[in-house]
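Pasting a structure below so you can have a look.
Per-chain numbering from 1; labels A, B, C and D assigned in written order.
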Amino acid sequence: MKINKFLKTTVAAAAVSAFAGMASADDVEVLHWWTAGGEAAALGVLKDDLASQGVGWQDMPIAGGGGSDAMTVLRARVVAGDAPTAAQMLGFDIKDWAGSTGNLANLNSVAEAEGWDAVVPAALQDFSKHDGNWIAAPVNVHSTNWVWVNKAALDAAGGKAPTSWEELVTVLDAMKANGITPLAHGGQAWQDATIFDAVVLGLGADFYKAAFIDMDEDALGGDMMVEAFNRMAVLRSYVDDNFSGRDWNLASAMVIEGTAGMQMMGDWAKGEFLKAGKTPGEDFVCIRFPGTQGLVTFNSDQFVMFDQGEASDSQMAMASAVMSPAFQSAFNVVKGSVPARTDVPNDAFDDCGKKGMADFAEANAGGGLYGSMAHGHANPAAVKNAIYDVVTAHFNGEYDATEAAEEMVNAVLDAQ
Amino acid sequence: MSRISQDNAVAGSRMTRALIYTVLIFFVIYYLLPLYVMVANSFKPLDEIRGGDLMALPNVWTLEPWRDAWSNAQIGVEATGLKPYFMNSFMIVIPAVTLSTIVGALNGYVLTKWQFKGHGAVFAMLLLSCFIPFQIVLIPAAKVLGFLGISGTIQGLILIHFVYGIGFSTLFFRNYYAAFPTELIRAAQIDGASFMQIFMRILLPSSGPIIVVTVIWQFTNQWNDFLFGASFSGFDSTPMTVALNNLVNSSTGVKEYNVHFAGAIMAALPTLFVYIVSGRYFVRGLMAGAVKG
Amino acid sequence: MKFLIQRWIPRLVLAPSFLLVVLFVYGFILYTGYLSMTDSKMLPSYGWVGFENYSRLFGLRHWNTAVTNLAIFGILYIGISSALGLFLAILLDQKIRAEGFIRPIYLYPMALSFIVTGTAWKWFLDPGIGIENTMHAWGWASFHFDWIKNRDYAIYTVVMAAVWQSSGFVMAMFLAGLRGVDNEIIKAAQIDGASGVTIYRRIIIPMMRPVFLSAFVVLAHLAIKAYDLVIALTGGGPGRATELPATFMYSYTFTRNQMGVGASSAIIMLIMIFSIIVPYVYSELKSGDQQ
Amino acid sequence: MASLTIENLKKSYGTVEVLKGIDLEIEDGGFLVLVGPSGCGKSTLLNTIAGLEEITSGDIKIGPESVAGLHPSQRDIAMVFQSYALYPNMTVAQNISFGMEIRKIDKAVREEAINKVADTLQIRELLHRKPSQLSGGQRQRVAMGRALVRDPQVFLFDEPLSNLDAKLRVDMRTEIKRLHKRMGTTIVYVTHDQIEALTLATKIAVLKDGYLQQFGTPDDVYNNPTNMFVAEFMGSPSMNLLTAQIIDEDGLKVQLSDTENAPILLPVEDTPAMRSYVGKQVIFGIRPEALTDPEGADRTAQNVVDAECLIEVVEPAGSDTFAVTKLGGKEVIARLRADAQVVPETYTTLSFNMGKAVFFDPDSQLRIR
């Protein structure tokens, strides 16, 4: 398979380089926002992989705003008629792009040849395919309903990891009594929404789906939603007063240092703990948000290819490389996420990583895999941001729970 | 006894002098504090930042963050540090500053010494262009650059910076040349000097101060630009600020604040250098025209 | 023939700038005006919807917050920067020995990009790790400064950082103005018996009128474009309390995929800008004609 | 009104001494003109009188009282500046009354004072204009008005006419003189224009390099200069200064030698001082008006001597004719009657009024008396 691909690529390269000065047409230009530290280094694995196939890599990293700056740049590039070969994208952005330009490359040939349909969970395929055609190669799956707990603080608060909302409140109370900040949190809209995701999911997978994915009015403004906001208010009471605007890394640092008990954050937070020399299971524990065991809210980074005529061979090579189990393992070990393929061996992963992979497989099998609202995998950007507005306003005390639920309906309707 | 000095300084006793110095020093501290935070933290190991007081001096001094930011840090897939991006920025900013200064000087010359019917309206239109928020022009500018086939190139960025720099340089030069005696231009015309000769031989040699002001202004704005740099650069023309942003702003990566601060100071060095070296000429240049004092 | 060429050369020299600006500024404004009446979402599209985007815009709470914030921010920022710039320039004009040392320190913030000084400011203002924490550590236990965390006061911290960045530049402009004042006028006022304060209040400061105007233009232009600052300092928060029209426009156009609404906010913003700047330009032209 | 006394006044900036011990006294109602080339210290001296600059040592008295150390506003002086120094943001009326406003003088009183001054200077119709709307001459009047309205003990003028064109300058000069006559106030006036000095002053102080060169009446300074500098500086065209020899041949004579012509011998008053220079070089000074055509020579003069001189250039100047000749190897200007018949390149008889001639020691440059 690989050899076949390799041959094809080489032939294409030879054909192209026959035209003077066109040699770079065989390179891939990749727009992404994995710009710093380990994840960028992990992407280097992909680059080297492609290099070994004779495909050059032109790096086009744009950091900022969880990919939003990269999307701005992508728009400028596409409008200028100078689309990159491949671009990192998230969730509904892929759908929006597929819907509005239509000039995305079709990856069906490589997908069929490599059997992607069988190894990529249906929930991911929903984003990777448009009109039944493969348009994106998923790299990873982050799950966002994690809680990162300082082991010492947990031991001091009874030692038992909470498994339900009530137990969570008990642990938080105990931590408060012990004189630490129970919940480390950064007051940025997406962080607030990340917690909100977990809280809503904790009230039931059906409710989560109805509210965020189906955007059902009754669910958005109903009693359950009021309860969700009430729970947010409870969590708010465990957060210190200086939370607003804090970067998530600094919140993680509070847990690492033991000045705070826990943080509710996606699996990328693990990197901070590891970087600080902490060991999973010994210094900190990772648990699912209490009440969401067996369920996973995910966000998945995918590479979307833009249709570029004859250069498509290198795009196929890249798609194939992204989906190779070796890269999926290598990349995700570093990134803290789990592979998008379900058939990747877990040998290389640490405890939390193994747990993540197991949870992911379990949720996939049990139908408990949902796109994260906070990370643009449940609804379009306009709706997502409208929900952000309400959640953040409530978390900062602008609305009470009832008002927030009402406002939620208005905001979501308005944004559609 | 009140003391009178011979300059603008008005009466001031020993007490008021002391007070003035106190206030001035207070503001020195105010202006330096953020820089202090950046510098102090750029010499700390990351543990110390995570653990402790951000306002304190480092317990352990380390140059590691600076070395990392310069040549080791991951910027995208390459672990090159900021080093290679400096050259890109210079390649963009130097031509763009030069162009917009020269064109601004010519415009100011025409608008003051060769006035024609409607010169006021033309100047008004150029001046108003200073106030357009750049976010507005992003999409249409992308279209135009694409049409010209220079999207994602250094030339494209030079064009964009040049165009949006015209307004301010024209304003500066126009105000400066307005005070320049028109008799000299007439005299030169009688001597048979052409349009360009008059500009090159008479106006330009006495434009030193305003050139300094314009260059500082344009250099700072263009060097620090992020929006255009990010939107219109290609993989091999990425300017400094975009690289810095990539270093600093990754959302799910581990944040190495010490490296970020070292990188930030590094990125600011050219502009700081320009300000400190030409600071004295800057005030003189402003005096000579930009503020029309 | 040569005479004719000479007559046209000035216009030819000006023409490229003029055409570029007509296209890149006014053409783009028209284009944005057109987009604001279309159903553009993620990319420009050309389905005509009339004024629907505008009515949507005015119904948005954030937009009102953003406009109110711009008013607060703009007035305070321009006012304080001018006042502080003038104040420092006056102090620095008192034959200060260390002027050469102090002036660049006041001036340097203008040279820095907010991509990172924003972080330094954010830390500095953060009660948990910044100045409040330091004051507590030094034993001033009652020191309290948490504006950046407070919905009602956060916009003022944005003003603080913005003033920090540009007041030194304004100082330089005023210093230049003060240095241009005829010494004899000050002597005359001294003989008239005016005290130092009176001389500044009644004579020198009124003479700084053109400097105030120039400073206003520079500051207004920075206030309108304030984007990096807010993003780096507060990210528009707490909640959406420090949203400004520039951040609003960016987020609707590019992150919320509601380009039509973003374009309409841009047009409203331009109308606001031009209604402030046009009178200035007019007065600039009038005074230019007098020369 | 008061007299002004300056005693051993010294002023230095750091180590640079700009006034090196000045002694002056002007009586009440006098008109003192400080004159000298630029950089001589005259403006500094005026500023120290005004109190705009501190003095290093010595004393300044207005009337019997020392004003050293007093703030300018407490010295009861008024000053008119070279650049007029009008407050650009105020109207003419406000400019004139600003000082009174500072002293919190009643508005009605102020109005009256403004009107009175405006009438005196004929600037009534300008009262509501801004300085930028005035011509140079009008600004000058306003600046004077601002000084007049204070009715001070001493008026100080710092080159007030130097920014005006020639005709206006002459008019204003006359006007200042008239004002001084009428008001009788003591005036100190700085100029580098020696004609202004001569026409206006009751006393002239000539300064150079921070030293007072001569202090006396205009007549004194003009006719009896104490040194070569004063002699050359005052008067226009300036005094002819020639190197000459004193010889004793039938009485003391001064001998002007020339390479081309036979030496000219002129008799000199025999004083012991002159006698001590016999056989030595001196500088012979004679003003152009003391060197004229025989018909135009001063008939009351005691000691007029004629000599043949070669005329090089003739410059008719309307009221006079100037003739340039060469004596003792130097160009010499003679002032002839307007209708004197002289032809260039010919020898003409010129009359030397030796009563007006002065002599200087070439080394010390001091007058020989």
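Quick note on the criterion: contacts are C-beta pairs under 8 Å (C-beta built on N, C-alpha and C of every residue); 3 or more make two chains touch, one makes a residue touch a chain.
Note that this is a predicted model, so its numbers are computed, not measured.
The set of chains touching chain A and also touching chain C is given as B. Counting C-beta pairs in contact across C-D and across B-C gives the higher total for B-C. Chain centres computed from CA atoms place D at the largest separation from chain A. One finds 55 Å separating the Cα centroids of chain B and chain D.
For this pair, chain A with chain D, the centres built from the Cα atoms lie 92 Å apart.
Once the centre of each chain is set as its mean CA position, chain B and chain C turn out to be 15 Å apart.
With touch defined as above, residues shared between interfaces to two or more other chains in chain C number as follows: 44, 129, 190, 250.
The residues of chain B that reach two or more other chains are 4, 6, 11, 139, 141, 245, 248-249, listed in rising order. Multi-chain contact residues of chain D (touching two or more other chains) are listed as 47, 51-52, 71-72.
Note for the complex: chain D touches chain C at residues 47, 50-52, 71-74, 77-79, 81-90, 98-99, 102-103, 146, 158. Of all residues in chain C, those touching chain B in their complex are 6, 9-11, 13-14, 16-18, 20-29, 31-32, 35, 44, 88, 91-96, 98, 100, 102-113, 115-117, 119-121, 123-124, 129-131, 133-134, 137, 164, 168, 172-173, 175-181, 183, 186, 190, 195-196, 199-200, 204, 208, 210-211, 214-215, 217, 220-221, 224-225, 227-228, 246, 249-250, 253, 259, 266, 269-270, 273-274, 277-278, 281-282, 284-285, 288-289, 291. Interface residues of chain A facing chain C in the complex, by the touch rule stated above, are 65, 68, 71-72, 75, 78-79, 96-97, 100-101, 187-189, 240-246, 250, 380-382, 385, 389, 392-393, 395-398, 414-415.
Across the interface of their complex, chain B is touched by residues 29, 32-41, 43-44, 46-47, 57-67, 69, 72-73, 75-77, 79-82, 142, 247, 249, 253, 256-257, 266, 268, 271-272, 275-276, 335 of chain A. Across the complex, chain C is touched by residues 4-12, 17, 20-21, 23-24, 27-28, 30-35, 37-38, 53-55, 103, 106-107, 109-112, 114, 116, 120, 122-137, 139-141, 144, 160, 163-164, 166-167, 170, 174, 178-179, 194-196, 220, 223-224, 226-227, 241, 244-245, 248-249, 257, 260-261, 263-264, 267-268, 271-272, 274-276, 279-280, 282-287, 290-293 of chain B.
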